[in-house]
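Shared chain: subunit A. Partners: subunit B in the first complex, subunit C in the second.
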Partner chain A sequence: MSLSIYYFLQLCAIFIMLGWCLYLVYRIGQLNNAPIAIMAIGAYLSSYAVLHWGWPFLLALVFAVVCGAVFSLIPALGLGRAPSFAMVIATIALIFIMQTIFRNLPWFGGALGLFGIPKVKNLLLVTYIFLVAIGILIYRFDHSRFGRAAEMIFIDRDIASTLGINIYMYSVILQVSTGAIGALAGVLYAFTIRTIIPSYFGFSFLLAITCFIFVGGYTTMWGVIFFTPILWGIPLILPQSMAVFRNLIYGFSLMVILLIRPEGVIDKNMLRFIRLKSGVVFKKLFGRSQKTVDKRLKEVM
Partner chain B sequence: METLIAQLINAIALGSIYALLVIGFNLLLVVGGIFPFAYSHIVVLSMYMCWFVLKITGNNLVLGTVAAIVSGVAFSLITEPIFRPLAKRGAVLGSFIVAMAISMIITDIMSQRLNMGIVISFPQSLQGKEALVSFGTATITAGQIATIAGSIGSGIGFFYLLYRTKIGRAFRAMGQSSFSARLLGIPITKTSLFAYGIAGFLGGISSIFLAMAIGTASSTLGDNLALKVMAVAMFAGLGNLGGGLIAALILGLAEGMALAYLPGNWSQAIAFGMIMIVVMVKPKGLFGAMA
Partner chain C sequence: MKGLKILLIVLSVVFLASIACFAGGGGAKKEETTAPAVKEEAAPAPAEDAVYVKEWVFPNSNIITGVSAYHGMLNEFGANFALDKINAAGGIRGVPVKIKWFDEGTQNSALAIASMSKMLDMKPLLVMGPCSDVSVRAAVPLAVEQGVYSMCTMAGYPMAREFTPWTLTFVNDDKLQAMAGVRKWLELQPGMKKVAHFVAPESGTWMSIANAENEECNQQGIKTVDIEVPYDTVNYGPIAVRALGENPDGFIFTSHPEGIAKIIIELQKRGWADNKKFLLSQAAPVPALYEIGEGHLDGAYCWMWFDPNSKSPRWQELSKAHEETFGEPASFMMVWKGYDELFLIKKCFEDLKITGNPAKLKEERIAIRDYMNNCKGFEGIWGKVDFVDGVRQTPTLLFEFVNNKLANPIEVPVR
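So, the complex of A and B:
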């Protein structure tokens, strides 16, 4: 496999994970950007453990994910009750705090970052196993009691709390679990790029992820899956002179989509429509035709 | 001691620029009903326009100032039709995302097209670096005095407009509830256009002060400034105009002192750390949200 396709697949998987992080907390109406900050923690801790302590990859991965989840508990406890804007701004601030911390702490190489991170065998396979596993977990969450409760919180917080839903607990649990996913994405990112510097985990990253999720659709988990490869792939296909305007393309698509389709391209109605249509097509292809049904009926009668 | 006083003056100048920006930001938030993340990007874009005019006219300061203010108002008004459907729908979080998209577009244009993405630097004559008052080793420059005086002047002018004129009353009514304001016969579209214009005007003025204080501008300045303005607005409580002024001064002082007396570039972390703590302890800001 050529190197560019490898990077494309790998980065798409990582972006989809991060998009799901934003999606999960947005389920209860809070826009949480902390996963990008936690991602920096995951990337730095895991590569430091491998480079300086000589740990194997999987151990470093588990260590980084646990650290990320534990760290994300701190803002989660404070921000669980915060109104949605307070959360947006505080978590953006958290991204900048993390960048400054990693730039200034003596162990992480300052602005030069960490480099020479070793290659890991079958990283693509590992990444996609994690991606599918997380996807199944999120699907199960969406179609469970908890997912329906989260939906209610999104629609109306007051009614949700009168129904006995503990909004604070939901917020904290979702933030911590997205922290873990964010740290995992950070580990995979570090071992894909194999050089990390603090400015990678900054604002431009957040803008790209926000574009992917809000263009794709934030009400379902499928929007991110379909639109991350498309939006990430567009600048790669375009000629070099056009590709530098990547952010311009993202900005315009985000603006236009939000104005004409406020819920993103793939929303719940579209999913319902697809399910209905695919059911009809499936019946036409594989189901019994009316003739055979009539025949069977006659036989039975 | 002398350096401390000089640093204090510097910090107050910085804080008064933030205060002007926060006034414009809060005006758009309360009257426009949107979350104007791209406001600071428009301010930086006006800085670029000011720089272009200065370059073409051979450092004509009057024309440069006019260009900054006109472009601030014009760019601010251009964004109004984009935000109008969102404001009607009451989708504030959606308007934040659209504003983010606009900021992406402006940043990309600045980093690719304007001056080929190279950092622009303003001429010495605009920066006002000559010492007006000097004591010991420390000096207070003309630029700092002009910034502080200009900010106080425009602040007073704005509050006069808000509390003593008819349009100001319309602003406050729309801030309370745009639905009831419509019932009372306030022309919603005209009033919000006016608010965008005033916010752009304040942005244009602060872009000149920023050019004086910093002396350079780059495409990343918009993002940095946007975060700081948002942080100040959050710190005081979103939409709280009076609290915003105090919070802007506090942030300016904290940042100035951190820049002067802390090693490395920890100053950013200090500013944002303060925000995190305030948001966690008092989620509605220090002075409470007005809107």
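So, the complex of A and C:
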């Protein structure tokens, strides 16, 4: 496998994880950017544990993920009831705070960061195992009563409260879960690049991920999966003379998609449509009634 | 609503088409090639050291997008200038040279990795760049792992030295250089007790220089207060107010150059009159500094490791071309970065008789690394210069701004 494909796949997986972090908390209508800050914690703690304490990679990974989840509890407890706008501002501030902390801690190398992080064998495989596992968990969550409750909170918080849904608890749980995923993404990122400095975990990540999720679709987990490789692939696929317009393309596609399809390209209706269409093919193959399927399709559309 | 959507789609298509047109346009711009560094077999080589390739293609990681894209533009300008000179003189070992540019973005580690991985897939003999600290940190380990030498010549010494012997830097030990510059400034401006220091916390290299500058001040019994200047600052007034609130006797500027002029203006608006109490670090003198700070800089000091007023004919020629293109004589390091890199490559390839033969790729990469790391007597743009362990040996110069230009250089020995 060529290096560019290897790093493309690796970075896509990490971006998808981070996209899911945003997606999960946005299920209840809160836009939480804290995973980028938690990512820094995961990256720094795991690297430090391996470099200075000589821990094996997996132990350092578990340690960093646990620390990330515990740390994410702090803002989660405070922001559990916060409206979406307040959460956006507070969690962006958290990114700056985290960068400043790591920049000023001499154990973590200050502005020069940590380097010489050892190479991990089969990191791509490890990353995709985690990606699939997280994907399955999110899929299960989406299709459970918790997922339906989250959707209710998204639609109307007041009605959700009257139905007995504890919005605060949902928010805290989702923020902590995404904190753990963010920390995991940070560990994988650190061991991919093998050097870390505080500037890595800043706005460039946030803007890219926000674009991936809002263009791809924030109402399902699939939008990020399909649109991260497409949008991240722009610099790789396009000729250099066009690839330099990457940020412009991101911004423009985001604007257009939000105007034309406010829920992103892949929304729930599209998923239903695809499901039914695939059902049509299936039923054609296995001789079921076409009329019944067409009737259902009309109902949905 | 439907009509609006249709209009939006039409406008989008027009907009994207215009991007495509501009992207492909620019008649003056050279056509890029997708050819690898070792492009293709020319003919069966008659001799062991005959050149194997029809064209040398050097991948170059540059800051093409983001807030620092201006630096990348200067880098491209200097490199293309050298490229034309070299090709006009018959190329390297009689073979023409091309540069393939890759965008590392501004402070974007993921993009830097993507670019470096693409460059390494070309199986190059060496890579030019990356430029910024973040990119060097993120991408150079990939090159090191593949055994490819990185000419990340603008990387600060502390960044590049971590990857020695696989990196080349044109920046001497900036800790010692910064200390020498500050020492001379304090000698010229005695009696200061407290200095406010404008720093860029995002940059590892600049912070390392800033720490060295503070260290020298502290050694001389002068207190320092760091005032952070983030990259994305819009209003510099509050920063100036904060600095003045510390009641300092002088100011050191080790932040991004575009902001320095604005801070100086804000300080002067608030009553600061003694420009001799300003010391600017080496990265400050870019055209933006002169344009924004015109009429406000005279009397201030700046330490650097090259003299932009040098009478070196090659520098004069480059500077003149720069003035024709950008309206200002060249003064910033990014202008001559690519220039000297290409001439060093030329000298290296000719001295070592590099062939570009894929069969010899590994040994030629190592030979290039060893040669460049300790190259002696390289005829750079400023004259003869030596490299020791991948570090260019340059003195510290302290300048004064006179008529909005750097003047009166004083050479300061590095201790």
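Definition applied: the second predicted complex is superposed on the first by the 285 of 301 C-alpha atoms of A that agree within 3 Å, B and C clash if a C-alpha of one lies under 4 Å from a C-alpha of the other, contacts with A are read in each partner's own complex, and residues count from 1 in each chain.
We adopt the following convention: contacts are C-beta pairs under 8 Å (C-beta built on N, C-alpha and C of every residue); 3 or more make two chains touch, one makes a residue touch a chain.
The shown structure was predicted, so the numbers you read here are calculated from the model rather than taken from an experiment.
Aligning the two structures on subunit A places subunit B and subunit C in clashing positions. With both structures placed on the common chain, the touch criterion links A:52 to neither subunit B nor subunit C. By the document's definition of touching, neither partner reaches A:143: not subunit B, not subunit C. In the overlay built on the shared chain, the residue A:193 is in contact with subunit C alone; subunit B does not reach it.
When both complexes are overlaid on chain A, the residue A:251 reaches subunit B alone and has no touch with subunit C.
Look at A:277: by the touch rule set out above, it reaches neither subunit B nor subunit C. Contact with subunit C, but none with subunit B, is seen for A:236 once the two complexes are overlaid on the shared chain. By the touch criterion defined above, A:94 reaches subunit B but does not reach subunit C.
By the touch criterion defined above, A:84 lies against subunit B but remains apart from subunit C after alignment on the C-alpha atoms of chain A. Of the two partner chains, subunit C is the only one that A:4 touches; subunit B does not reach it. Subunit C is struck by only one stretch of subunit B after the chain A overlay, and of the options 61-69, 115-123 or 277-285 that stretch is 115-123. Comparing the two interfaces of subunit A, the one with subunit B and the one with subunit C have residues 100, 103, 244-248, 252, 259 in common. Interface residues of subunit B facing subunit A in the complex, by the touch rule stated above, are 35, 82, 85-86, 89, 91-94, 96-98, 100-105, 107-109, 112, 223, 227, 230-231, 234, 238, 264-266, 268-269, 272-273, 275-276, 279-281, 283-285.
Chain contact summary for the complex, subunit C toward subunit A: residues 5, 8-9, 12, 15-16, 19-20, 23-24, 29, 32, 64-66, 100-103, 105, 107-111, 113-115, 117-118, 120-121, 133-134, 137-138, 141-142, 145-146, 158-159, 162, 201-204, 207-208. Only residues 31, 75, 78-79, 81-90, 92-94, 96-97, 100-101, 103-104, 203, 207, 210-211, 214, 244-248, 250-252, 254-255, 258-259, 262 of subunit A touch subunit B when the two sit together in their complex.
Within the complex formed with subunit C, the subunit A residues making contact are 2-4, 6-8, 11, 15, 100, 103, 110-113, 115-116, 119, 192-200, 202, 204-205, 208, 235-236, 239-249, 252, 256, 259-260.
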